[in-house]
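These are the structures, in structure tokens.
Okay, so chain A shows up in both of these, paired with chain B first and chain C after.
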Partner chain A sequence: MTAQHVKGPGDAAALHVQDLVVDYPLGRRRTRRAVDGVSLTVPAGSTLGVVGESGSGKSTIAKAVLGMAPVTSGSITYGDRGLLGLPSGRRPQEIQVVFQDPYSSLNPTKTIGYTLEEPLRAQEHRTGVALGRAGRQARVHEMLERVGLPASTAGRYPSQFSGGQRQRISIARALMLDPELVICDEAVSALDLSIQAQILNLLLELQHDLGVSLLFISHDLGVVDHIAQQVLVLYRGRVMETGDSAAIHARPAHPYTRALVMSAPVQDPGRQRERRERRRAETPVAGMRAPLGDSCPFAHRCALATELCSRERPQLRTLADGRAVACHHAELEPAETLLTKETR
Partner chain B sequence: MTAGVDTTQTHDGPAAPADPARQSIVRSLLRTPRGLLTVGFLVVLFVASLLAPVVAPHDPLHQELKHALEGPSGQYWLGTDGLGRDVLSRLLYGGRSSLLGVLEGVVAHVIVAVPLGIAAGYLGGWTDRIITRVVDIVMSVPTIVILLALLTMFDRNISAAMITLGALSAAGTTRMIRAAALSVRGELFVSAAELLGLSRPQILFRHILPRCRGVIIVQVSLFAAVALGIQTGLTYLSLGPPPPAPTWGGMVADAASSVSNDPWLLVPAGGLIGITVLCFGILGDTVRDITAQSSTASAGLRAPRRRPEPATGAPEEGALLSVRELSVTFRTPSGDRDVLTSVSFDVQPGETLGLVGESGSGKTVTARAVLGLLENNGAVAHGSARFDGVDLLALPRKRWAALRGKRIALISQEPMVALDPSFTVGAQLREVVRAHDHSGRAEAHERVLELLRLVELPDPEEIVKQYPFQISGGMAQRVAIALALAGRPDLLVADEPTTALDVTVQAEILDLLRRLQQETGMAIVLVTHDWGVVADSCSRVAVMYAGQVVERADVEDVFRHPSHPYTRALMATSPEHAERGRPIAAIAGQVPAPGTWPTGCRFAARCPLMTEACRREPVAMVDLGEGRDSRCLMATSILEGTSA
Partner chain C sequence: MLRVIGHRLLVSIPLLFIVTFAVFGLESLIPGNAAQTILGENATPAAVAQLNTQMGLNDPFFERYAHWVGHAVTGNFGSSVISGAPVWTSVVTRLGVTMSLLIPSLVLAAVAGVVLGMASAVRGGWLARLIDVVSLLGFALPSFWVGLILVSIFAVKLGVLPATGYTPLGTSPSEWIASITLPVVALSLYGITAIAKQTRDSASEVLDSDYIRFLRANGVPERSVLLKHVLRNSSIPVATSLGLISIGALGGTVFIENVFVLPGLGSLATQATLDHDIPVILGVALCFTLAVIAINLVIDLIYGLLNPKVRVS
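Up next, the complex of A and B:
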């Protein structure tokens, strides 16, 4: 990638998702609501982290943006273009994706070079501007080196690479057409700790060099906290809390976010013991999932829950520091020892 | 994580040098003896029939009545028929019409089935619904009746019959191809290609069709076998070309009429038909095996099981489990591979030992070897595992099995795998309880409820009636723990018990394990890759890297002063320790694959402290006192450096 490919934040667009609702069909005339009125913005050149447990709808949001989920209502726009209802051939190539599974992401019967060259060929076909064989291969080699792999990788097959290397290749493929926004759907979750660190570093470096924005989806609040400026916490398809990542991680206001932060064990037996005691004092309830009606989706597990919570669904409201929280009882507590990162 | 068994290409496991999936099917086919033989036979048959006018020794219609019904001879290699015609020549000429018929059928079959199947599978929606309905209807049509009618209408035109047969029986193949295309469509690389702007035809021809090749070849060769059978059947009933034209079916009919005078006559025609049908069938089977094999390269390999050489090291005082110098070898297509070398650790009663490492470190293999649950292609080559004074590795299978589940229990990463979806939770627990306690129904039921309460499941009376798929992953792991507790074990081996769970559920499960341990006093071996889990739950730690234990220490010590550079580096890779948005201290490179381990320190290539001495010879465990050991030449100075 050369200097003229670098995009400044000025010419890239922002992704806006407004009141998104996604229902998956469950047999005859029944549906399951996976995403329930979610709004989010990924500003150009920045990273929004989406955090949630399994079934929270975080991957469905990614699918909806990519045109792979049955959107019931809401809007998704990129810059001034609406993305909903676009036929697959007309989707903006500025948005690309890196999936979780590094194995299913690459066609095992094609060489890495072929896989990376393919989008260029499709682009030539579309635009009529030919790079030529040599030009395409030069781009492939350049991109491989960008993601930290030797150019000779191009002649080999996916099975000859480990999970971490395949994830690098998937990232290279996503970058082939100079995207402005890359959606990382649990992109580091299947990787070992040391490899995860390598890939996170690569993503940060690419963002710095190329100015791409990231929609970074993960179940791991620690990882999201590291890579994202803004974070959105999802639970059962609804936004629980959203705002500045550092602030939320240090002082989670929503009881669910608190539970997430407190449940992640830290690498210090002494500190972990204290955190465990605090967590147990705070979240005594391990109730069964109640059906979602007008209640707060977290009410059945929440230590602060009152009768109001099961009667009325809390709306997102903005707190003093600018974050938004969907909880009747959430207040900003004074800064305290919840900090999980070492003092900065 | 699916650590360890690298021979079967696990996550992040080192890659195998060659991948059968990418080799051409034809080449792999010709590499198997079966494939070579069948393909060879079919090719010879086709070529010989095609060249019948050249290679046939006689005119197939020429009658030599004085030689009628003769056996094989120098002049008539396969003998003559009732009219004195040469059997070999008639077979060759008959092959032309038979094989041509099969070919016509196959072409029609492919032309109908492949586009329809691919379209239904890949495009989905209405296209799929319409095609599936039509296929269902066609499958209910009695093909043979239609063929008979057709042959009467078109005056014995066997080509018309075979083309119709090919088209009508394409319904089943369409379904198979649809299923294959459907599963390829679900692969992420297809989604990625769509997002990169590839058009549908491009995706179809470059990604979908090549991945369905195997299914197509299998189905087509099986159809060819059926088509040949039907074709000869029709000509046997003299519905094909009229005599005296030679046909295989007609020759069987001739032979059948004179079977009492000359039984031999049945052999050449019948045998050839049989062998050809068989060849088509075997061809299909072999291709299926080849395409299925790509996912299980080492399936069918067995490592020799012999009594391992016992270890010499003495067990630790009072240890419940004492593993010494455990080495495990896996048999792979490219030879035997060591995956564990000389692993030693001790577990005291009531304590939790963390077995920590990345994928490929051998932590899961270690746990499985101790439980006697290695896969068929793995075997313990050396070492001992003393459990309460008895060497498990030297035990006969039966006594080992008696211990396992009773005194030593296992919970694994995927709780759902431990539970059988076709039985209720209660039925499965009851079965295990009765096997352990030899108790009656009512007693067993009480014990089941007690176990479910023990693992803090709300409403046990309700849970026993549920099927595994009706409960959440966290609840399933609790049920799996209840199953493990049924035998009141002294040792619980927990292989990544919380890796597949959400972080809030993980916290609850770890709390549960800790409470159970306090109440029952059982020891736990906790296999994990997560240092947070170690800090939360373990009292002692054994860190593994590339098939070895590189550090053993108490949990407080290992976090405060890691004495091995790998331990230190691995802890530092957590984003927890990095400044937000800044690079994390990642370890460059990757864990070396079994078979590529260096002679010296296995971490040397990635180690910031590496010196010449590290590469020279294997590094032994260094005893650092206070129950600590480290497999690093610099361990003492590292410790002094950090404590200073």
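Up next, the complex of A and C:
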């Protein structure tokens, strides 16, 4: 423990992603653009939520930050360090990750204790400073306790734990090296609703106690609203809307964000029916993937789309309340949206 | 652990009865008899019948089986009706030859298969495609045919290795190696390809899991990722297939020993079957059955060692 310096709040750095472009190879000389010019910032000690449907590129952003995606252009910096092109042994250990699948994220043949000690051993290997067996074990017990699991967990195997418990273990593993930023890549998506709430509360508690910042990736705007101060809405690898989480959840300005908000079920069946009809009216063709070209990526699914939208890709612009939206018609109120649709 | 072994040994007792009974029954279905073999083609039917009666081969089926079992449980496996040599002695002598074929084959199959499979999972590309094609050949080509081809290349054309025959390890280690090289290669080809494919599939799956991503993101050295995590986890299904391959290879020794004229159990079984030498056939069958039981036991113990899930339950 002596090797690690005690962090003050001023030490933590911010993560900056600037104009990130990621292309996945699809075989012979063909590529698919998964992330298309995304910029984001995770300020120290706060939470940025990244929302989008599957295939929107949100997990690719996480992979790019972890150095596991084929970045075409752009920059990723943490504090004053550039992260792109770093060999895996030199990556900043201040950035840690919790993955989505609680079953694939723990090695089934190693004890929980061994798995949790692994980041410490890697650090010893990197720095040459040895904590020793007892030091590592003490740290393992400390972190298990932090995430609400008994110290005896260390001697057991992953198969003896439920999905929620495994996710706690994954969080403990991410905390082993005193991270400043934890990337949660759909970290609660595979869990039951009640367990989701427990894990979200655990993350909020850890953030409060340890001051870690979170890059929280999810397809569920409701979950993101619960945990994040800022939100970024992705669609087909592009930013559609970004800004204050509560404001965007309450009054989404981009037609796609609106569709996302509408797609979450509500408790009142009457309201649910009304919302479903509105959603259908606003997003006529769901799931279709028209060629992008110069058009707005959402144009083919958008009720507000005009000739301008298919001709010119909308750039992110800042609205009066501080949020940024990539839509030519963002000023139209949702009510007008319906009206426009019906009168056209 | 001891309970598992004890349980297995108990289960193997009825199994031995079933196998020997089945071999006994099947043998009696084959036309011909031992007396005919001993007396030759030109013997009179009367002489054959008399010798058969003399050797007790005309006794009722169950009586003969009970007689054999009665002696076998006391450790007396009788002697060959043809040569008169005690079955126990000839089985034990020849077991050494078969094992010096089987064990190197399995070691070669496991080591070469795992190395090729891991390399192909990690490197991908042309190596993976090459292994795909070669493994298809390995599956398709029968081992005795591969043996013949190897003999025609290395023994006949190049003359670097003996075509047939066996030199015991005790006599000359270098000649022993030369005498088993071609048979071992022929026998292990199937195992190498099967294990390479199995290893590649399971290693690719492990490489794609999030715990490997976590280790890499944390800068855990690649060597340790591959050896401690990927190899360990992908070896679990490999152990299972190694068990099946071992049993297949045991049967394969029968062909290989005949192709390379090796004095092992397989060639003993072939000759005994042609001669209707029932005590020898039963002795070999008993030995093969015990070997299969032992292989299964060892594989299950390895499996338990590799897989904590099995250990826990």
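Keep in mind that, in the parts below, the second predicted complex is superposed on the first by the 312 of 344 C-alpha atoms of A that agree within 3 Å, B and C clash if a C-alpha of one lies under 4 Å from a C-alpha of the other, contacts with A are read in each partner's own complex, and residues count from 1 in each chain.
One rule holds for everything that comes next: a contact is a pair of C-beta atoms (placed from the backbone, for glycine too) under 8 Å apart; a residue touches a chain by one contact, two chains touch by 3 or more.
It should be emphasised that the depicted structure is a prediction, and the values quoted were computed from it without experimental measurement.
Participant: Have a look at chain B and chain C on chain A after the superposition and call it: clash or fit.
Facilitator: Aligned on chain A, chain B and chain C clash with each other.
Participant: Check whether A:M68 is in contact with chain B, with chain C, with both or with neither, and answer first, second, both or neither.
Facilitator: both
Participant: Using the superposition on chain A described above, determine whether A:F161 touches chain B (first), chain C (second), both, or neither.
Facilitator: First partner only.
Participant: Based on the superposed arrangement, let me know which partner A:Q230 touches: chain B (first), chain C (second), both, or neither?
Facilitator: Neither: A:Q230 stays clear of chain B and chain C.
Participant: With both complexes overlaid on chain A, does A:V97 touch chain B (first), chain C (second), both or neither?
Facilitator: Both partners, chain B and chain C.
Participant: Which chain makes contact with more of the residues of chain A, chain B or else chain C?
Facilitator: Comparing touch counts on chain A for chain B and chain C gives B.
Participant: Touching A:Q267, do we find chain B (first), chain C (second), both, or neither?
Facilitator: Only chain B; A:Q267 stays clear of chain C.
Participant: Choose the clashing stretch of chain B with respect to chain C from the list 22-30, 58-66, 454-462 or 634-642.
Facilitator: With chain A aligned, chain B clashes with chain C through residues 22-30.
Participant: Would you tell me the residues on chain A in contact with chain B in one complex that are also in contact with chain C in the other?
Facilitator: Shared contact residues on chain A (touching chain B in one complex, chain C in the other): 66, 68, 88-89, 91, 93, 96-97, 99, 101, 104-110, 115, 118-119, 122, 125-126, 157, 159-160, 173, 177.
Participant: Where on chain B is chain A touching in the complex?
Facilitator: Touch residues, chain B against chain A: 1, 9, 11-19, 21-22, 187-189, 191-200, 202, 206-207, 210-211, 294, 358-359, 456, 458-459, 472-473, 502-508, 510-511, 529-536, 555-556, 559, 569-571, 573-588, 590-591.
Participant: Applying the document's contact rule, which stretches of chain A touch chain C when the two form their complex?
Facilitator: My answer: residues 66-68, 88-91, 93, 96-97, 99-101, 104-111, 115, 118-119, 121-122, 125-126, 157, 159-160, 173, 177.
Participant: Over in the complex, which chain A residues touch chain B? Could you list them?
Facilitator: Chain A reaches chain B through residues 53-54, 66, 68, 88-89, 91, 93, 95-97, 99, 101, 103-110, 115, 118-119, 122-123, 125-126, 157-165, 170, 173-174, 176-177, 190-198, 200-201, 204-205, 219-223, 225-227, 229, 245-246, 259-260, 262-270, 272, 276, 279-280, 286-289, 340-342, 344.
Participant: Could you list, by residue number, the parts of chain C that touch chain A in their complex?
Facilitator: 209-211, 213-222, 229, 232-233, 236, 306-309, 312
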